[in-house]
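Multiple structures are listed underneath, in structure tokens.
One chain, chain A, links the two complexes that follow: it is found with chain B in the first and with chain C in the second.
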Partner chain A sequence: MKILLKLIILILPASFIWMFFLLLTEDDSIIGADYRNFALPEFNLEQLDESIFIDSSDLGDDYIINVWASWCITCRVEHPYLMSLNNKGVPIIGLNYKDEKNDALEWLSKFGNPYERIIHDYKGTLALDLGVTGAPETFLVQNGKIIAHYQGEINESIWNEVFSPIIEEKELF
Partner chain B sequence: MRYINIFLIFFSLLVSSGTVYEFSNDEDEKRFNKLLNDIRCPKCTSGSLSSSNAPISEDLKQKIAEMINSNKTDNEIKEYVTKRFGKDSLYEPEFSRETYILWFSPFLVLILGLFFFLLRRKI
Partner chain C sequence: MIIEISHFLSILSTGLFFLVGSFALTTNNTPYTSNLISRTYSHAFLFLSSSFLIYIWLAITDNFSVQYIANHSNSALPTFYKISSIWSAHEGSMFLWIFFLALWGFIFNIKIKNAEILKPKTMGIISLIIVGFLLFLLITSNPFITILPIAPLNGADINPVLQDPALAIHPPTLYLGYVGFVIPFACSLAFLINGDPDAKWEKLVNKWSVSAWVFLTVGITLGSWWAYYELGWGGYWFWDPVENVALMPWLAATAFLHSLSVSIKSSQLRTWTILLSITVFSLSLFGAFIVRSGIIDSVHSFANDPQRGLYLLAFIAVIIAASLSLFVSRLSLIKPSGNIKTFSKQSFISINNIFFVTLIFSVMLGVTYPLIYEYLYDQKISVGAPFYNAIFIPIVILASIFLFFSVDSKWSRSIDFRIFTKPIVLSLFFALTSTFAIYFIFKTNNIAILLTIFTGLIVIIRYLIEVWTALVYKKYLNVFSAIAHFALGLLLVSISFNSLLSTERALNIKINEFEEYKDLTIYFKDIRVRKDSNYDAIKAEFNIKDKYGNNFDLSPEKRRYFTRGQITTETAIYISPLRDIYLTIGDQLEDGSWIVNVQINFLIRWIWFSACLMAFAGIVLIFSNRKSNI
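Let's look at the complex of A and B:
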């Protein structure tokens, strides 16, 4: 009986240490990446370069949504990579976040436009419904459902690590 | 008299700063303030919504005020927030199957400890 007790006293802390070791080291996810699925929120907002209102039915089936703004410095850094993605045939929808229309249009004419369509979210209502905390952020959308989300600048290595596996798995684009 | 004018200018500055949220009754306002203390600001390391005036927090506060005014329950509002900004948006973890171990493990350790204490005394 005494031996059993001593054994338990040893085993108990050891198993706690093991449990915390497993819990704290299992995390192999990439910081900023998020694969929770949820439906693209309803919206009806003006397009940036035309005065028409668009909603989710105007956007197509599979595409990525990129949240950007002319005041966002990281978006400027990210921009060349978006251009190359667009050249590779990935459809990109822009979500212009809390930006002045003229500033945004000027930014695009200066640096180029990688977006198929741009939603002008002046008040950030759609962005809030999407769970955006800042710019840039990127969402992968399949049939009106968000299947991947990345907070921060995307570049080649982030694209390959965060988005490519799921794009290959679902056979998108 | 001059001092009163200065005082009035300062007072009016205070009133005009910050957003004013309108509610139909006091209870809703209390709910709003409680929710703001219970929900973490999505952009901060650790700070509640009420402590933050980051643009995203202002948007979220506005949204919460709107949801309260359209008669949404606290749970619906918390669900809205956690769905978008993750479960760690709530300071107090919700009571669900996933969090049972979190809530009950201290009692479990206590009971185990007591058990061994009593067992030892008998030997």
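Let's look at the complex of A and C:
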């Protein structure tokens, strides 16, 4: 009887811990990643480095949209990785989010420009339509449809886990 | 440079704490070694606290080359929020947690004499736990990481819902409660290691446990109050997983205090007491794990990283495995002194232990079941209020009835159990008539509510009679127990009335129009757009008249913060002793009207007051000289 009690006292917490271990390690979904499909919202906004207005038809077929701002510290952290992505030939559209034009241009001249084109979303209207909660965020667009979305800094491992499988599957870029 | 000094000091303290821990657990007690352990601990604490104070200084002086401070503080914030920004996210709050852990150990170290036989081992165990957490901090979530060479100028911004005085003090209070239970935990393990059944660890930890319990009670209450007015949810308890992981240690702690009083008085229930002391601390650690591993989505969860979850889980597993194996192997050490007599105070408290453990298991089930379900079937389900109500209401009612009869019981004596003593009959009579009156006035058929009110009332009246006889006949009264249980009765009655009477309604209302809801006449005066330094807001203005002739203005707001685009609702609340009128503003409809949510929350202040009264009872006990019991 006493042995039984002892066993229960030891096994009960052990099984709880085992369960949490399974839950922690088995969970393969990536936090911040989102694969809901939706159409790229309509917009007509100024380009950051030129005084022309652009809309979604100017952007090409397949590309990624990266939300960034000069005031965003994490954007600076992920910036080198975006440069390397650009070198690999991934077209990146920048969405400059709630940022002063001069600050943004200065930032780019200091750190380099990985973007094909940059939309200057000063009021955050397009970002609002996209459901952006903050910078940085990255969207993968195929033929005007958003097929993957990641909130937060992207780096090699996030890219390989969140975006690469889809890109390979759909044979983009 | 100063950042590196702070970083280095915390590393240094890790080493010293490790030294204290390993030395204390491997040497035998001599006056010389206990002195050495005590002093080394104090020095380790000196290093750690210097490190922490420097870190606070870094936050106050806007040292944004520290990445954590740059990400969570802003040069425009008032100093108070610069300090509280330290515990607004994972790394800093972990640092605070560890500092408090070490602080409890330090106060214990200076208050308890070195000659106390259990002290060296206790200090050793506390030190090893600190080492575990410090390693966790330094390896997986280092708050000292710097951004070099260019530090950002202004920092980021702290989450606007966290810029609130209640919230700035809620986490520290709660942490003080959580980690405070390291003292009874370490003492009980020291007792088991020491192997002398006559060592009275229970007496040693009594006031320490009550202090930690007070902090835990106040911390939970503050959180409840904050969620009410800041999140715009309009209730006091939501059975949110993170609320539940705070509730479990509280339930365990309450059971522990009860059991402890028996073990102090008569050396009975010692097994229970030790097991409960292990349970309380394990549940505190479990809470830290749930919040910081990101395993559950909640308003409270921090940015998550599976690495941290695994480390914490492993650490908790080691602590639980070590303490329980020790407990099991030394089970024979604890000889109960005689059987517990029926209807003695001890018997009631052992029943109470069973009630509380049942509640803890139910909450644990409610927290983990959705996780297991999602793991097995890949579907999200939520376990909410109906589950908890179904379990809590009957158990709490039963427990309160036992409590009511236990007032007449005596320590270690099986009183000839007469149900119809004068106080009992009086309480039953008054409670029964009041409950009937309530039944007829409010025309409710909700048996659960009526029963809860009834049991709440018998407890209140029974303890009032106790206080009265104590004052008039100079009978002995355990003040702590009387206040705490009176508060419990008040809590039950307040909660029942709150759920019986409170109502809410979403109204569509246009500017310059009147709308009636219950006895309220609501007039929508105006709506304005307003800009502040870091958000814009729409502010609605209402004038409300009620049937008591009160006439007041309420202006709920909706804010959008620039930095994160986060939208928050600012509630407007009219507070009166019996009820709160609670307004939040929603969206505008196409016809130009606005959705306004009106809540009438009855006795909600009384719920928090009762909880504070419980905490106050604990304070009374801590500052009384009498060797009190519960």
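The rule is simple: the second predicted complex is superposed on the first by the 146 of 173 C-alpha atoms of A that agree within 3 Å, B and C clash if a C-alpha of one lies under 4 Å from a C-alpha of the other, contacts with A are read in each partner's own complex, and residues count from 1 in each chain.
The rule we apply is simple: contacts are C-beta pairs under 8 Å (C-beta built on N, C-alpha and C of every residue); 3 or more make two chains touch, one makes a residue touch a chain.
Treat the numbers as computed from the prediction; the structure is a model and nothing was measured.
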| item | value |
| --- | --- |
| Partner chain(s) touched by A:A39 [first = chain B, second = chain C, both, neither] | neither |
| First, second, both or neither for A:I17, with chain B first and chain C second | second |
| First (chain B), second (chain C), both or neither touched by A:T25 | second |
| Which superposed partner A:L130 touches (first chain B, second chain C, both, neither) | first |
| Contacts of A:K2 with chain B and chain C, given as first, second, both or neither | both |
| Chain A residues contacted in one complex by chain B, in the other by chain C | 2, 9, 98, 124, 128, 132-134 |
| Partner chain A, residues of chain B touching it in the complex | 42-43, 55-56, 59-60, 63, 83-86, 112, 116, 119-120, 123 |
| Chain C - residues contacting chain A, complex | 70-71, 147, 152, 156, 275, 282, 289, 293-295, 304, 306, 309-310, 313, 316-317, 320-321, 324-325, 327-328, 331, 364, 368, 371-372, 375, 562-566 |
| Residue numbers on chain A that touch chain B, as the complex places them | 1-2, 5, 8-9, 12, 34, 38, 98, 123-125, 128-134 |
| Touch list for chain A against partner chain C, complex | 2, 6, 9-10, 13-14, 16-17, 19-27, 31, 73, 98, 124, 127-128, 132-134 |
